[in-house]
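Quick notes on the structure that follows.
In order of appearance the chains are A, B, C and D, and numbering begins at 1 in each one.
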Amino acid sequence: MAKLNGFSLPLSPEGKANLLPAPPWHYSGDMLVVEYRTNPDAVIALLPDELEPADDPGAVSIIFADWQSCTDGGRELLDPYHSQYKEAMVFVGAKHQGKPVCRCVYIWVDKDFAMLRGWVQGFPKKHGDVWMTRPVTVGKAGPRLAPGGSFGGTLSVGGRRLAEARVTLTGLSANGPTVNAPPLYNSRHFPSWDSLQPAVYELVNVSGVDKEVSPIWEGTAELALFDSPFEELNALEPQEMLGGYYHSFGYTLHGGKVIEQHKL
Amino acid sequence: MAKLNGFSLPLSPEGKANLLPAPPWHYSGDMLVVEYRTNPDAVIALLPDELEPADDPGAVSIIFADWQSCTDGGRELLDPYHSQYKEAMVFVGAKHQGKPVCRCVYIWVDKDFAMLRGWVQGFPKKHGDVWMTRPVTVGKAGPRLAPGGSFGGTLSVGGRRLAEARVTLTGLSANGPTVNAPPLYNSRHFPSWDSLQPAVYELVNVSGVDKEVSPIWEGTAELALFDSPFEELNALEPQEMLGGYYHSFGYTLHGGKVIEQHKL
Amino acid sequence: MAKLNGFSLPLSPEGKANLLPAPPWHYSGDMLVVEYRTNPDAVIALLPDELEPADDPGAVSIIFADWQSCTDGGRELLDPYHSQYKEAMVFVGAKHQGKPVCRCVYIWVDKDFAMLRGWVQGFPKKHGDVWMTRPVTVGKAGPRLAPGGSFGGTLSVGGRRLAEARVTLTGLSANGPTVNAPPLYNSRHFPSWDSLQPAVYELVNVSGVDKEVSPIWEGTAELALFDSPFEELNALEPQEMLGGYYHSFGYTLHGGKVIEQHKL
Amino acid sequence: MAKLNGFSLPLSPEGKANLLPAPPWHYSGDMLVVEYRTNPDAVIALLPDELEPADDPGAVSIIFADWQSCTDGGRELLDPYHSQYKEAMVFVGAKHQGKPVCRCVYIWVDKDFAMLRGWVQGFPKKHGDVWMTRPVTVGKAGPRLAPGGSFGGTLSVGGRRLAEARVTLTGLSANGPTVNAPPLYNSRHFPSWDSLQPAVYELVNVSGVDKEVSPIWEGTAELALFDSPFEELNALEPQEMLGGYYHSFGYTLHGGKVIEQHKL
């Protein structure tokens, strides 16, 4: 690789063309979080053999996020097509060798660089159209970050609505969300070209540094999931709502750790 | 119109299908503003006969805005596809019967309801892809609203970059932007179907109520405009930069006033 | 309007910036047509006072179309972002002073220039995402224009699926579609700025010249319509399928005729 | 992987959620091809160590393609969001162990499933907006597949125009395009999570079966490439045009062969 440069394809002489430059990757985003319980069997059916069910095995977190991200130097920030994206992510709990972990089982995003960056971390990203209400500080066209403020989140894929969430704030939260609690254990997976067995399939830990969190607002939550012939999201339909949250979050990723190879 | 209801097409039995519901329209948005001087002749060439040149005839303001909007009741806010849009707008100064006015000469937006709502107010909206840096409060992926914070704005149409702006904040602003100063005099225009003469062509005043403005940050600004066979924006190329601003703005529109019919 | 030029906003010194250049407008497109009967009351509820019900009052045609269009000279054709668009259109029958007419009651399109061009002709266009299967002549990834070929059409708005159609060809058609039969009587409508009464509201005839039609294939059809808080399309739900068609169509518009002003 | 199913992420209980289902993959598409010579050094700088320069070392082919694709059973064809995509691909020639091969060095596509399917085959896909003129058989809004017919292709990324091509047909082609001649040797590459060295980096052969080609039209060609801070495409700027082509192409992929691991 003397002549060709880049952290990802396309490799190129100057290394400028790669879809995904090397870490560190810096993230700052706003999160609309809905936590609820579904049928535990539906969560357990999404765990690989190496993971056991969580103590609260039906707990699910769906997060709508509006992100900015950049590499060192931050040149993407001034050409914001290359730094901004929205996504909807579904987390569940599990255990690895008896220790609690969380795991992203589904995630949809609206930019290509974020999709590949997700695959590198074991986030199973597909393209989706994500919208979430923004809090405002002036005017009448938006909720305030204050009791009574109502926030909506929607996810659609291919012109089909998959999820609609609503959170109405009640006050500042003492503890914040609980389902999506580190450590995060995702599964990296990349198909082979000469076999139906994957070329890469490994359990990994994704762990950021320099984390910053804004004050966290909490409230009541509603969630509706819809069917699609190309998805299985609505197998996780809500049975009991746990709550909703709105907050901002920043962190940095420097790469991570492979925990073990998945048995095939 | 007994059976058919709606403020705009499509009219329908229940009046739910119209692209644009009746006012009031509420707006809350974030603005990245660049003010500069171009060749005054390029501005004067954009004024209708009823308007005279401004005292500072070459002054131009280009504003990148990230909006939420809604009608009374705010149902659009919880299904944010129907409330959020971004736009890039170009304002110039002029005089009407000796009195200073401002005027939107070009504007691009990324949603259909905002496009029609603009036409109703004499904003000459076309579709464009607009991106602007967001300030953040946590993490390393964005500027702070603080001295040194750098914000980019980009406008593209049909896969052609038309404008790139950059503002670097120096501090809070005592006076705020000056070019885009009310009253706003736009020209409503709608083509005829049986003639090349317009069916509607009238000078109107657009004036909001219940205005709220956040603290206004100011700074230095850069702007590059690019050519396109489908645009004349780059006739307004910068000769002298005046400054840049970042602030939030909210207001409500209840309709407006027709000043005079344009002579044909 | 000495200095400012253009058929539509934005008017500009050179007249290049207008979203919609003056006619003639040339069109060439592929059509997937589904004809069916709904509850006649649902169709009649969509007719203005000046029109009476058709002899077959519940007949509806939904057409998915993949268009190219251009002005004289055809410069848009070589920069196809500016010439290509897809739309889904809903036509019903009616009578005007006892004479059969057809009428577009709903239509969704994916480009701004086509939206405004529709408004000028009384097509009540909103933005929608439209997809339709293309026939192929090589390979296994598409139907042939031949008996057994199956074609799908989908319409979505704001990430909500509104319509799904399917046509399976049985053979060449002797007569072609029947619901969408000229003359086409649409209603032009443009809101006022100082009143809730429209500034323009007139019954118009839209009539092309230089029409060319390919051989027309016909077949069996299915159609599902879905609910949305922003639409009333599914009031036209199918009660009886009449048939489906696939063909290409070309024509040219030079403007049209105003039939009468709608009474307000 | 007893419980979790799928050829790609996301793995799921029923295996319906995966972004990319297992092969076979069927393709039918229309191609606008421009062949030209650039500075040979610019091509050679894009070859990995395992490949040597071609006999015509500066030859480049850029292809704009409008595809339909599906898996066995073809369910994607009736929900065409999931089967249709457009892409722009850049091929160069090379030699492997003295034997001529071709190679895709850059490629942009507008759908997520096609992006991942490309990565599995070593196509270095990124998101791009691609437009290409369609031939028509009726009406005045498009070229005919006949001498004098002019076709445009454009590629944009993030609102920046990267390429504009034009082909004007002169007649049917005896030989068709020559640069993009099989065998196709791409490089599969997938980043690691715990290292800057790739987890997968291998030279592969991509070879379809059941190929079908329409009659091939040829003509004269023009091509303009533009700069971007996120691309190196314009290092391949044209020095000499070789010709242009328009044709349809169909084939099926059942997976492929790994030639060798790239040396790191």
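Here is the rule we use: a contact is a pair of C-beta atoms (placed from the backbone, for glycine too) under 8 Å apart; a residue touches a chain by one contact, two chains touch by 3 or more.
In this text the structure is predicted, and so the values were computed from the model without any measurement.
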Is the C-beta contact count larger for A-C or for C-D?
C-D
For copies chain B and chain C, work out whether under half or over half of the interface numbers are shared, and give different or same accordingly.
same
In angstrom, rounded to a whole number, how far apart do the mean CA points of chain A and chain C lie?
40
Quick one: report the Å distance separating chain B from chain C, using the average Cα coordinate of each chain.
30
List the centre-to-centre spacing of chain C and chain D in whole Å, with centres computed as mean CA coordinates.
34
Which positions in chain C touch two or more other chains at once?
79, 81, 129, 131, 154, 158-159
Chain contact topology under the given definition, line, ring, star, complete or other?
complete
Where on chain D does chain B make contact in their complex?
129, 131, 154-156, 158-161
Under the definition above, what is the set of chain C residues touching chain B in their complex?
1-4, 7-14, 16-17, 19-20, 22, 45-49, 75, 79, 81-82, 105-107, 111-112, 115, 119-122, 124-127, 158-159, 187-191, 193-196, 199-201, 204, 229-233, 235, 255-258, 262-264
List the residues on chain D that touch chain C in their complex, please.
26-29, 67-70, 74, 77-81, 83-84, 129, 131-134, 136-143, 150-154, 164, 166, 210, 212-214, 248-252
